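Here's the structure, in structure tokens; my notes come after.
The chains carry the letters A, B and C, assigned in the order they are written, with residues numbered from 1 in each.
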Amino acid sequence: MSSNTATSVSKGCFAFKGSTKRVKEKDYLPTSSDRFVQNRLHLYKEVWDELHLHIDLLRSDLNFKIFDDLIGFAADCHKDRNEKIWVSGAIGEIPTAVLITGVNTPDHSVMFSNLDSMLKSKVTPLVARILTKDCSRISTLIASLVSQLTCVALPHEDEDGEEVATGPRNMVPVDIPIQLKAPARRKKSITMSTLVKWYNRKYSNSTQNSGASPRKKMKNDNVLNGSVDSESHMDLHCDRSTDKPLIIVMLEDAENISPGVLQDFICLCSSHLVSLPIVLVMGIATAVTAIHQLLPSSVSSLLCMQKYQAPPASRYLSQLLDKIVMAPELPFKLGPKVFHFLLDIFLYHDFSIMNFIMGFQHCMMEHYLNNPLSLLCCLKKDVLKRTSHLTHSHLEEIRRQPAFMRYVEEQIVGPDQAKLLTDDTFTQTHLAMTVQSLHQYHTKMFAGLHFLHHLGLQLPRFPLGKQFRELYSVCLTSNHVCECDGYKEALALLRMMSMDDLCPLLEGGLELISKWKDSSEEIEKLTLDMKGFIERLKNIEAEPDELPQDSNEDTVRILPQRAKLHELKARLQSLSHRRYKSPYERLRDEIIDCLHNHFQALLGSPLLQPLHEILYFTDIVTVKEQIKAAPRCSIQRALIQPGKYLNCVCCQCDQESILPTMPDLCIVYKLHLECGSLVNLYDWLQAFVTIVTTEEPAMDSKPKKKGKSSQRNPSVELRARFIRAVSELQFLGFIKSTRRKTDHVMRLTW
Amino acid sequence: MDVASHKCLDPEDYTLGKTVICREIQIKTLLALFGQRCHLTPGSIFVYGHTGTGKSLVIQSLLRYHKLPHIFINCVECSSQRFLVEEILNNLPLNNHAGNKIAVHADDITNENEDFVRCEDLTDFVRNLKSLVSDNELRKETLYIVLDKAERLRSTNPVLLPALLRLQELSGLNICTILISEIVWEKFRAGTGFCEPYCLNFPDYTRNELMEIMVLDAPAACESELYSLYVNMVLSVFHMVCRDLRELRHIARLNFDYFIEPVKTEECAPSNARKLWKNIEPHLKKALKSVYLREVSSRQWELMQQAELADDDSSQAVAPPRSHVELPFYSKFLLIAAYLASYNPLKCDRRFFAKYSGKSSRRMAKLIKKNERASNHLLGPKTFPIDRMMAIFYSIIDGKVVPSAHIYVQISSLVSLHLLGQVGGDDKISAPKYRCLVTLDFIRNIARTVQFDIMRYLYDFL
Amino acid sequence: MVEPNINNYDSPKKKSDSSSESEQAAASLQMVTISSPRSQPSHLSGNLSTVKASPQKRESSRLATFSPVKGSPRKKIANSKETECSPRKDSSSAVNFSPLKNSSRTLSPAAGSQHKPLITCESDQAASPQFATISSPKKKPAPQSSDLLTVNKSPQKRESSRLAALSPIKGSPLKRNANLTDSECSPRKRSAEALDLSSLKTSPLKFSPVNSSSRKSRSMKISEDTTSLKSPRKESVAVANSSVKKDDFPSTEISAVFDPLQEVQQVLRKRISQINSPPTICGYEKERKQLHDLIKRTAVTGESNSLLLIGPRGCGKSMLIQNVIEALYQEKKIKQDLLHVKLNGLLQSDDKIALREITLQLQLENTVGDKVFGSFAETLQFLLEALKKGGESSKPILFVLEEFDLFAQHKNQTLLYNLFDISQSAQAPICVIGITCRLDVVELLEKRVKSRFSHRQVYLFNKLTLDQYRKLCTNYLCLPDSFRDKGFAKKWNSNIQDLLDEVAVKDVLERQFSLMNDVRGLLSLLTYPVCNISAAHPTITASDLITSFKLISTDTKSAMLHGVSILELAIIIAMKHLTDIYEGEPFNFEMVYSEYLKFARHRSGMQVYEKAIVMKAYEHLQTLELIRGHGGGTTSQKEYKLMDLLVHPAQIMDALQKYPNCPTEMKQWATQSIS
């Protein structure tokens, strides 16, 4: 940026285009620390692609149901158009599908584009998506509508808003060339009737180009002559030919269209309804009442609204969790803290799926970036491949990891310990085995958890929680599920479950985990046992009955002899303990105990597994400060320790000391921390000057006298710097001017 | 046809071939004003009256029936002066080849074809109008320019309306501008250059007229006196509330099945009015609360009806959509805080939310009671600075919440959902002001989901 | 389609006898026609209905009239026709008619030549029935249907016969077209005078034919007018013109038959329409003279002037100017060189447009071509120069700027500046006259503009007294002396006179005068009665005036209030109370609703409606703009939007009185004051 181009008499600001440099991902990867980031990056990409596949699948089939209903509605809402109501001047109600999209606004555009394509393919070629940005005026709205329907790109004309008396033409300065002949040409005005003409022309006499719509076949062919003003009350009979394609107008985010425009648009539509089969699709974030709140009822009475509730975001989330977070087949797992953190952001702050996915992706990146062990965090099928490709240096890197060291010291005994640290091939195979066992463990655990969760769902007051994720989080946090009291309560409840509940329960559980049945022998065993039990439950009467006589004889022993009341009570109690057990009850106890043993085996906490650090991402701190920004704190930190941010050596210091080399803003800020609620500007200035000028002598320019004078009345430059700093502080919202005392400002933060 | 073709005033034409009824006087007056087609007509006529009093219908059918040359324009559509004048110029009822001109240019919207008359300003408009009209046989007849929903013209170029009103004078042609509106003429006079149009009022239909009209769309199955009985019942419920013919006809059409059903099933004779009334009344009352307000859309209503008539359990009837909105946890509390902030007087915040709500509170309550006169739920929500809302938020929420960016994002998203409204304050950056836009029962639902007893905190309900 | 046909069939009968009758009337003294105005129109109406009809129908009527010509037994009628025709010829020759010219004029396009006569003869048929049917009054329909077929087969015969019959009539219109020049003078007036020329020439016997021809001439003239209105581009196309002529004959057929009532309506409607030129001007003599002299000086001695004509609406400013100019145009010389440019603030919404308009009105757009000018002044200069060439001295121009105040709003008032500047520094003789209704208009002018304006202002105030007002009314209603049917006019005027002497009428006029004492008020009062004249209702009666007064003096708001539902009325009353309580402070829906509840719960047996329903009614009132938002507060819900009531309590009371079966407790509620 050469200054000679920038010299100007007027104080203008000049923009210089800097040379844009292409950023590559390797610029972001820390090159110094470890050398294997690249491989991990590739690995990350593989896994992420795998994940992304799942996510897309989920997205596509989530809204499928309501979309089907909606399309059905749209397709046949104009069936009855030939009836008398349309002919008589009765209210022409526009069939309207209100799509309640939920408050997670980031996710909407995807949804609408899906809907758009489905409508185009299934119902009619004429679908228009109106975005909020088109709706500044009714004319622009109609223009965009028409251009989308007729597939003609209209240049967006802005100058027809100028119908106010002082239009641009009046602004024309007189001394520009005047030409008396042809006035300036403008684009044609586009109105609704333009659309009517176009539609009639296209679809009235020639029906073959309406062949795109499937509704064509079931129609009678009454061809109408495209009368321009067919929106009259009189010549309607000839005018309705139903084999014409519908016109579907989608208003995404109808709440944020300015009410006036929306109102006009609806009125226009209903007035043209006779000649155009219009269907509206409105996207509403909150509820249908929003429309009533938005529009006067005279207008909302023109809509015949059908409500379609998109599935709540929470359900979306749980499906997502099942697919990507709590899926045994995917290697990468979240540690308990991170899991809860992401979950909280979703549930407490925004219901946005996008943000959740992005957070998850972020965690993955962190994992692969910072954890060298993640070199082994890959899909189960290519564990062997990876481990076999490990070079010596890789292994050295791994051995250097504290997690690995801990694992070797604590859990390995005997010669293997040494071999793990020295012998590469042994380490490879060992690692391979460990990772595979981790995967193995996951399949078992999730199968078990699902089974348990299924059992828990039938219990009163859900001791194990409604959602599967709750159970999962329990499993993550506690070091064994069987020790948490929710589990104990659940078993207690199971033990008093009636037979005709228990049997289907077990069967349901079985076929729930059937897909993992052959994956591991524990699950297989579990299924076998359960099958057996179910068989025995089926023919319970075949069970060997417990011999009843002892109970008989002790009852006869009690009854005859008289005794004192408390003795009687005590005896009764003792009796009630070893009371008679029906075969079903005994069988049930048996089942429950068996189940308990299985769960004991299956549901160990993942964090106790050997080398779980390979798959589990636990570094909550970094993620938190990256994802969940706290602007105020960071500003304060920046002001207190500028050295951290500017990483200049001169201002490295502890919290409260003030260095003259710091930026003025920081100095002013620190000074004002010492004052009360009201800060006297003059004292503040003095303090500022003293601090700044302490090291004046160090500088060569004009020695001591400046120090003296600047104490009393500081130089213009200093004052300017001070004022600037103060105003910056005010802009940051730490102080504000007050009228209570002159030349004071008020502190806003404490 | 040729009675119509040049003889306007004909005693038997007052019903326009039975298309319009109950408007004889108006039609008579209009016909008188129009006169013969070659006569000069008063330059501008202003027709006003309530919606559904047949203003547009009468005028349109009058012009059509007598084949008078006219243009009918809806001013909502022609939102700007340019649109309006070009619409007029290009749709002039020219009976020479201009007709198919328009047709030609209509098929592709963008191309620059010569037939389409462009018009920048009113001068061009009048010039073009003169030349267009005067070189075909229109010039011998009055040309009627009908502007429906004329109240919209007030928002456009202020000289447009006066110019249209004195179009006859300006163009020297035999033109009559007819404005149709449901707003009285006084509200149009703004700016200069007005010359008063001839105002013509369309009075509302009397009850008998309403009945007479509504009986017309009796279904073929039902004989008219039975239907008129039904209409009478409908009116007896709705006439107090609504005089709009369209609404009434709509309602009548929707509920007829309920009415006719006992007659169909012979459980009561068509003559037995009381029984029929007993039968229909609850339905009509229900309709007044639901369909009339479109809380249940007509389609849903019909479905309900069919369902009920099929098997009389109205259990699975469609419930009117209650405003159930699912929000993130903190957003709920933010909303509650906003509600409290905008419906509680500032003075009693300390009393509600201060940890030490000591003995001073009762005294303060008294003094507040003294100077607070009207209930806040009558006056509506007040605006509050964001700081106050955050303070309340932190005091009502249990457990500490770090003031992360997410919180502030939620505030803006609440604004975009129209649950909060941002009020144009002096500085939007440092101290934005908000106002809570939700109703009481909405906020109560929200509070119920988070087990927060909001009524305890609302000043009006102490 | 069915019932029209029916009265096609009966109409010929009607036509025949009616026409015969009218013929006898015409043939006998005129007094007959006047003495029976009651009876005549009805027949004529039937007559009219027949003539303009679907083509084949017209054919038939034509044939009906033509059968005598061909059929031998009717020979003598044919030549009787000849004899009738001849005086008409000399009448037209009296207006020195030269066949050469008309032939050249009509037959100019080779293509048009062969169908042209056919058209004109068609036109003639309309006229011919009357005298064709004199002898054969009754048995018209039979032959008609029969030789409909024959003649359709033989067109060329038809033509020949016609060409013979028709040549004489064609002349006169074309002659007239030739000598009519100015476009703005409206057709009918001309026709009126044209027609009494001719009627003077012709004997009363030939009344209707002459009338028909003159009427035709009028319609021809219309076409001429309009073509001269058009831009030269259109002018060149002769074919278009001829086709236009073809179109406009049917209408002449319509009015071919003389109907005094129609005439009356034409005259009176024209007066009350916007294109009005009042019968007489009363008052303003001084101002009129001043204007007259001013313009005349510009026109004759070529001095430049500028003047402002200021006065309230409807006090007759434009009318005055108009009148003065017409008076000036009586002089040939002025008519030749004084150019007249009319601008209107409503149309020329900015100076560039104004400039373009000036160019067009001076017919300089060709000389200008597509030059590009540096500045406004330069452009104007060029225009004046362009005018100058031709003669050595430039022609005087009269600029009339209506709605002058709007011009003052244009961007730094360029147009005014330049016009005034030119008039100041007498570069070219122009006279700028501004017409406005703003008294403070001079204050609107910028300093530089004001300094160039010769502060010559003429103030008009309508100081109409009641008597003048009455007189004016009489003038408006009376028929001019130029009215064709003298006797009828006399009768009519006498009717009007004693109509205006009726007490009721006097009273109505007085009240209207007290409401609005200018001409427009009077016109709006007269509109209904004038329009109401018809065959069934041939004169203006006092009741007409009274109903018309009722029509125009209805209070629109209470008329609207009459239409609201009872619930809405209740809400309005609640609002009224609120505005009383809070001294005109705005209110919101919640307050209104609680007020309404107070009433509905305690003081009435009326049904209490729930909030949403009342809300809908409330919104309806809002769309009727009976209540209006109190500014701002866009972000709040509709329940809390502050509103103002725009209906005056008196209007509410009025409406309550008129309201059909309004419940009494509501009346009480409305009347009772705040407690």
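Structure notes:
Just so it is clear, contacts are C-beta pairs under 8 Å (C-beta built on N, C-alpha and C of every residue); 3 or more make two chains touch, one makes a residue touch a chain.
To keep track of the chains, here are their UniProt names: A = Origin recognition complex subunit 3; B = Origin recognition complex subunit 5; C = Origin recognition complex subunit 4.
Quick caveat, the model's predicted, so the values are computed rather than measured.
Set side by side, A-B and A-C show the greater C-beta contact count at A-B. Taking the mean of each chain's C-alpha atoms, the chain closest to the overall C-alpha centroid is B. Rounded to whole angstrom units, the spacing between the C-alpha centres of subunit B and subunit C is 36.
A straight line joining the Cα centres of subunit A and subunit B is 39 Å long.
Once the centre of each chain is set as its mean CA position, subunit A and subunit C turn out to be 70 Å apart. With touch defined as above, residues shared between interfaces to two or more other chains in subunit B number as follows: 121, 157, 159, 293, 295.
Counting partner chains per residue, subunit A has residues 165, 169, 183, 293, 297-298 touching two or more of them.
Shared interface positions of subunit C, defined as residues touching 2 or more other chains, are 349-350, 353, 356, 616, 623, 637. Residues 1-7, 9, 11, 29, 32-33, 35-36, 38-43, 48-50, 53, 121-123, 126-127, 130-131, 134-137, 139-140, 151, 157, 159, 162-163, 166, 168-170, 172, 182-187, 192-196, 198-201, 203-204, 206-207, 239-243, 288-289, 292-293, 295, 377-381, 421-423, 435, 437, 439 of subunit B are the ones touching subunit C in the complex. Residues of subunit B touching subunit A in their complex: 19, 51, 57, 60-61, 64, 72, 74, 76-83, 86-87, 91, 102-103, 106-110, 112, 116, 118, 120-121, 124, 156-160, 217, 246-247, 249-250, 253, 293-295, 297-300, 321-331, 402-407, 409-410, 413, 416-419, 429-430.
Of all residues in subunit A, those touching subunit C in their complex are 165, 169-175, 177-183, 293, 296-298. Contact residues on subunit A toward subunit B in their complex (touch as defined above): 77, 84-85, 88-91, 93, 95-96, 102-103, 105, 137-139, 146, 150, 152, 154, 160-161, 163-165, 167, 169, 183-194, 197-198, 201-202, 226, 228-229, 232-234, 255-256, 264, 267-268, 271, 285-290, 292-294, 297-298, 300-301, 303-307, 312-314, 345-351, 628-633, 731, 733, 736. On subunit C, the positions that touch subunit B within their shared complex are 1, 3-4, 7-8, 45, 48-49, 52-54, 57, 184, 186, 219, 222, 225-227, 229-231, 234, 240, 244, 247-248, 251, 254-255, 262, 265-266, 269-270, 272-275, 313-314, 344-350, 353, 356-357, 360, 403, 405-406, 437-438, 520, 524, 527-528, 531-532, 534-536, 551-552, 554, 556-557, 559-560, 562-567, 588, 590-591, 594, 606-607, 609-610, 612-613, 616-617, 623-625, 635-637, 639-640, 660.
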